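Structures follow.
After this come two complexes, each holding chain A, first together with chain B and then together with chain C.
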Partner chain A sequence: MNRLNKILPPFAPDYSGVCSVLYGLGGMTVIHGPEGCTGNYTGYDEPRWFGADVETVGSGLREIDAILGNEERLISQIKEAAKRSKPAFICITGTPIPMMTGTDFKGIAAEVEYETGIPSFGISTTGFAYYDAGASAAMLAYTKKFGKIQTQKENTIGILGVNAIDFSHREMLYDLKRECEKRGFSVTASLCMDASPEQIREICSVSVNLVVSGSGLQTAQYLYEKFEIPYVTGIPIGKTASDLVFETVKRSAFDHVCRNVILQPQAAGGRILILGERVMANSIRNCLIADHGISGIQVCSIFTPHPEWMLPGDVHADGEKEIAEAMREKNGALVIGDPLFHRLIPGMQEDTFLDFPIQAVSSKVYRDGQWNLIGERAELFAQEIERKMRRKG
Partner chain B sequence: MSDTVFCSCLNYASPARGGWSIVRTALLVPECYQLFIGAPACMRHIVLSSIELGVAERVSCLHLEEADVVLGSYEEQIYEGADELLDSLEPKPKVLMIFMTCIDSLLGTDPEAFLGPLNEKYRETRFIVARMNPIMADSLQPPGTAVQSTMYGLLRKNLQKENSVNFIGNNVAISDENEMIRYLKQNGIAVKHISQFDTFEGFQTMAQSRMNLVAAPVALPAAGELKERLGMEFADCIPCYSKAEILQEYRRVCEGLGLEMADFSREAEEAYQVLSEVATALKGRKVAIDYEATYRPFSMAKLLMEAGFAISRIYTDACASYEEEAFEWLKSRGVDVVVPNLYVKGRSWDEKEQTDVICIGFEAAYLEQSPYVVTLAADGELWGFEGIRLLAERLRAASEKKRSLEKLIDESVLII
Partner chain C sequence: MLRIAVYGKGGIGKSTTSANLSAALAQKGYRVMQIGCDPKADSTRNICGLKEMPTVLDAIREKGSAVKLEDIVKEGYHGILCVEAGGPTPGIGCAGRGIITAFEKLEELHAFSVYQPDIVIYDVLGDVVCGGFAMPIRDGYARHVFVVTSGERMALYAAGNIAEAISNFKRRGYASLEGLILNSRNIEREQEIVEQFAEEIGTKVQKIIPRDALIQSAEDMQKTVVEAYPDSQISREYDSLADLVLKICREKEQKDE
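== the complex of A and B ==
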């Protein structure tokens, strides 16, 4: 099957995830590729770019250097720039052309680190994978490089998997931290957004981690394996569902068992289809079940698949055709998803679709309509769902 | 003489970086449809910008996967994708531009493998391979140049000539108030620009014109090709910013069309008069210019400085060979030339630290932290003495009104 997109843009790529995670940590992130690659990130995937004092730069790769495998130009460009800006670290991340030429990012980073004395790491993103894969790799690389071994502190929590692509609504992370504090947890660090390098270094000292998107899983697993820090997957959305998330967090902090907060709908999917990032979509479902008693909800993830977080009946759709297919199969259900998905089914009734703009899909096109669903703020969203379901009949 | 490049450094892209994209430029061809082929990442900003511009119904993309690229088994997919796309489009587009992205430079795609069967199946549509490949930015055919050749390569020879001329290379039509355009019209010569046509058939009448007036350096190769292929003469009419150069361009146009050179001294005098009035009114307020605003930032700066404006800074990473004299002139007067793609630590956008520098171009405005912006890209509709008058008026207007740069940038859909 060919992968023709007639309506949807390709989703935010892996290297945008890398840049998003490393934003604001005082380093230099180099997107190794031709100019247009950088434009994706700065123009569409990074909502904080206007006014940013962040050294995310492109290498301006040219054909002759790609063909000849001339990596010296890149290395000398990085050395030159590092001399001027003295970054705290250097990350070199890839795009499609370096993937084709087999660029050794780890080798380049090692050479850069040796020559500049600045901690460096390479991430071999390709531009073919989704942002969450890049975000995940960057978060893990940064944690491994800078995490400090420490004694664990009681009632402290790390939030893993926040980035400006998944949490593009400005107040969402603030509210998420507040929810944690309200439940008696002091937030040590949120990886990797709105956290200082010093805070992130402390991540190995937390008593438990909360994984709020797929991009946080790898780091959570690493911290569990290396430091026995348990993790819970789920976002506190809705009042009762949030209580459940934090009860689970407390249990996991106590017994050191990792858990996912996924409620089983009472009836098979059929009434509601939620399309989106897996942890977010599962957490919305949790809220609808626990807070509003709605049943028959199916979740369809659309980025990197996570079978471990799927319930029986859940699906994964890869690209425009499969998303449209998932929507068609649920004919008559209320679909919750990015407004661009609505265009995939011509003639689809207004009352059978609820706009839930996703930065990694439609970028800033519907940014004003993005929802903050943390805690009780989800109430308005749930009311809108109930209203649509009533009108739909 | 080749261009002088100031810095071959890592590229910082400010939020104000970008201009008319390849997509937007090529969509000036009426009734065409664009299909982009490449890695998903290569096409995200293309599709999103087409949504922002309200032209998404004319743009699609076909993702390749890593395995396709490694194995080189994608020509069949291009055929299938284009076939599926065309099957769903009614009416069929007159032209399907199949845009190959950077990866094609390393793959060596065989276009005949899909063009042949597509031409066979859809006889009412023309299929052409186009390029959006910034990896070739330093070559003789960078994307901005190649797209002009693609667009005007669609013109077919027409022996039935019209008494008209075309402007090519500029994204927006030159103002009708321009003295040369008025003079041409007085002499019965119609002036055409691609943006005035709604149909592909109408666009084809550009092939009947007597001459192409090239309003941007990126279209010079396309003009050369049109001369070779269709026998159309052309004249370099890239907007310039001195009386002598403007008159030289006008002479070229008149000679090419067999017209007597008109006397434009009144228009020149009026334009310089307005320029001088605005310079006086601004009372030494600084002016900065960026390279996205004009193909001749140094010449524009020299014109303004001679008229009494306080030019503070020029943002560009290169000096074109035809600008070297103006560059030297400005340098000797201490005008600062700044490379905008160098990351500068500590730079941000703080509402409280805004300056009152009048900026020609978005990037200059961002880097100067100024809300006083002349929203100009690639010289816009400026040309000749009327262009100078318009520039002066726009400087005056920009100096009087603070604008939200972030909003302006969003509305302008600037693409790198």
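== the complex of A and C ==
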């Protein structure tokens, strides 16, 4: 029962990650499940939803269809909707009930593609995994389906793992692209946010990829295996740490070796605990070490675990219980995390907690307080950390 | 890699057929992996000689995400790689979904690329053709299906259901039904009944396995008859079944290419 949340709301599920990645690419994403599942995505997980002209539709799965395995109804609904809106592609993704009945998403997509002539793919999300797993699967499926084989262009970069749940602060991606351009890299595409289908098709031509969240890893690995495009994992946060990220990117573009930018703190964890998505949290740590000389930082990642990006002493929390345990264990440290985590430790002092709202945890509740940490913009955030640490003593 | 599913009603002899087929193929020098897809988890018992085979679902229950391939793949007679999907807690849970979870785990652990079998045999309970038990005939799994049946009505009913499931997947380009294997029960007019049934569902009887007391005798020793009585007539029958299955599947794959 590790994943039972008694205080926190449930985190954004995998099918929300799928929809978020495919948002704005001109396709139709079908969430196969009861209506409530679609509401999770449109109502809470997708920050761009309101006023959007985007086709994410719920299949309105009925109890009797699940029992009788009535896939025909789903297929004819999709065909009908596609006839009306003529999407560029169709993605069919799942929720807990189709998972239990073993719905064959790949097969349904093959049938839909055969009958409509529209490129289609199925993603077997279950609603039991987190948004990043769905985002990762959707990014990979889209790249495999539409990526165009072509020769690599020098000094071009792909940004992998941007999705509106991890990068819900609107200016963050803009600044990230600007940082890349400033360092001499032309951004071919950012998967999958603020990029046109035409740009994404060019992703197989970049000279190097920058992986900025766990959801970009699978696509980066695929592009490396298939086209030998190297990748570097890390977000340019802070001035010196950003320099380090781009030095690494240049090295990798030159020698075709994949690298992770993870700095080892001078002293073991004890002073600061960062809770969040692994690449983001590691990159914040890099900034605090490289730009501010702060040591004793431990990262506790949440969502899908990535042991390959953990330092000795780092931990991973699968849900509320483990997040609370990590916070209790680091009693006295400054905790950086979503404001809702504060509630897990009753009586926790204000000065021992720094709000870092996470869309997948608290949705829009603290959106105004979301930080943009790209490049030198991280300075304010770091100053706030130093101020809290001074007051804490 | 040839991927073959052997379906049949519970108790009809599909595990005996699968295990002897695997043993005969292994004797011919092929690297065979047999995956039992029945909550009873007794498909590979006579190949491995273990009283209780560890199952994928039990391993997941005990170790969660720390499950390793060596926890769930055991080597048996002539190096046959044995896997049992297993089942949920009796009375609760979902056996069909259990099969899917077991397959997902094998995929996650890259079982086929690690062991690189020449032939994979899925031994599947065919009484229930829900989403889970149909998993072995979906994309990426078995390409060829053989159904074990006798001339008894319930066995034929199950065989008919399996044939229908395969036909429903036709548009998706999945596995094809390569024929029936008649596991004789010596009932009256058995061959005639099964051949007529095969014609009705658009397939044919590919092989008749005669009833033989040595099969039971070998099972009492927890062995396949191919291993226990290699020079017997029944062992030769399984050897010829292996040749026939290879020929049918290869011809089909050549045709598909």
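Convention: the second predicted complex is superposed on the first by the 389 of 393 C-alpha atoms of A that agree within 3 Å, B and C clash if a C-alpha of one lies under 4 Å from a C-alpha of the other, contacts with A are read in each partner's own complex, and residues count from 1 in each chain.
We take it that a contact is a pair of C-beta atoms (placed from the backbone, for glycine too) under 8 Å apart; a residue touches a chain by one contact, two chains touch by 3 or more.
From a predicted model like this one, the values you see are computed outputs, not experimental measurements.
Colleague: Name the contact category of A:44: first (chain B only), second (chain C only), both, or neither.
Modeller: first
Colleague: Using the superposition on chain A described above, determine whether A:234 touches chain B (first), chain C (second), both, or neither.
Modeller: Neither chain B nor chain C is touched by A:234.
Colleague: Return first, second, both or neither, reflecting whether A:357 touches chain B, chain C, both chains, or no partner chain.
Modeller: neither
Colleague: Looking at the overlay, does A:69 come into contact with chain B only (first), chain C only (second), both, or neither?
Modeller: second
Colleague: Kindly classify A:111 by the partners it touches after superposition: chain B alone (first), chain C alone (second), both, or neither?
Modeller: A:111: touches chain C, not chain B.
Colleague: Spot which of chain B and chain C makes contact with more residues of chain A, would you?
Modeller: B
Colleague: Examine A:101 and indicate which partner it touches, taking first as chain B and second as chain C; both and neither are also allowed.
Modeller: Touch status of A:101: both partners.
Colleague: Which chain A residues come up in both lists, the one for chain B and the one for chain C?
Modeller: Touching chain B in the first complex and chain C in the second, residues 99-101 of chain A appear in both lists.
Colleague: Quick one: which bits of chain A touch chain C in the complex? Just the residue numbers, please.
Modeller: Checking each residue of chain A against chain C gives 69, 99-104, 106-107, 110-111, 114.
Colleague: Per the contact definition, I'd like the list of chain A residues that touch chain B in the complex.
Modeller: 2-16, 28, 30, 33-40, 42-45, 49-53, 55, 57-63, 66-67, 77-78, 80-81, 84-85, 95-97, 99-101, 126-128, 319, 340, 362-365
Colleague: In the complex formed with chain A, which residues of chain C make contact?
Modeller: Checking each residue of chain C against chain A gives 94, 96-97, 100, 130-132, 134-135, 138-139, 169, 171-174.
Colleague: For the complex, give me every residue of chain B touching chain A.
Modeller: Within the complex, chain B touches chain A at residues 8-13, 15, 17-18, 38-48, 51-52, 56, 60-66, 69-70, 77, 80-81, 84-85, 88, 102-103, 105-107, 132-139, 342-343, 345-350, 406, 409-410, 414-416.
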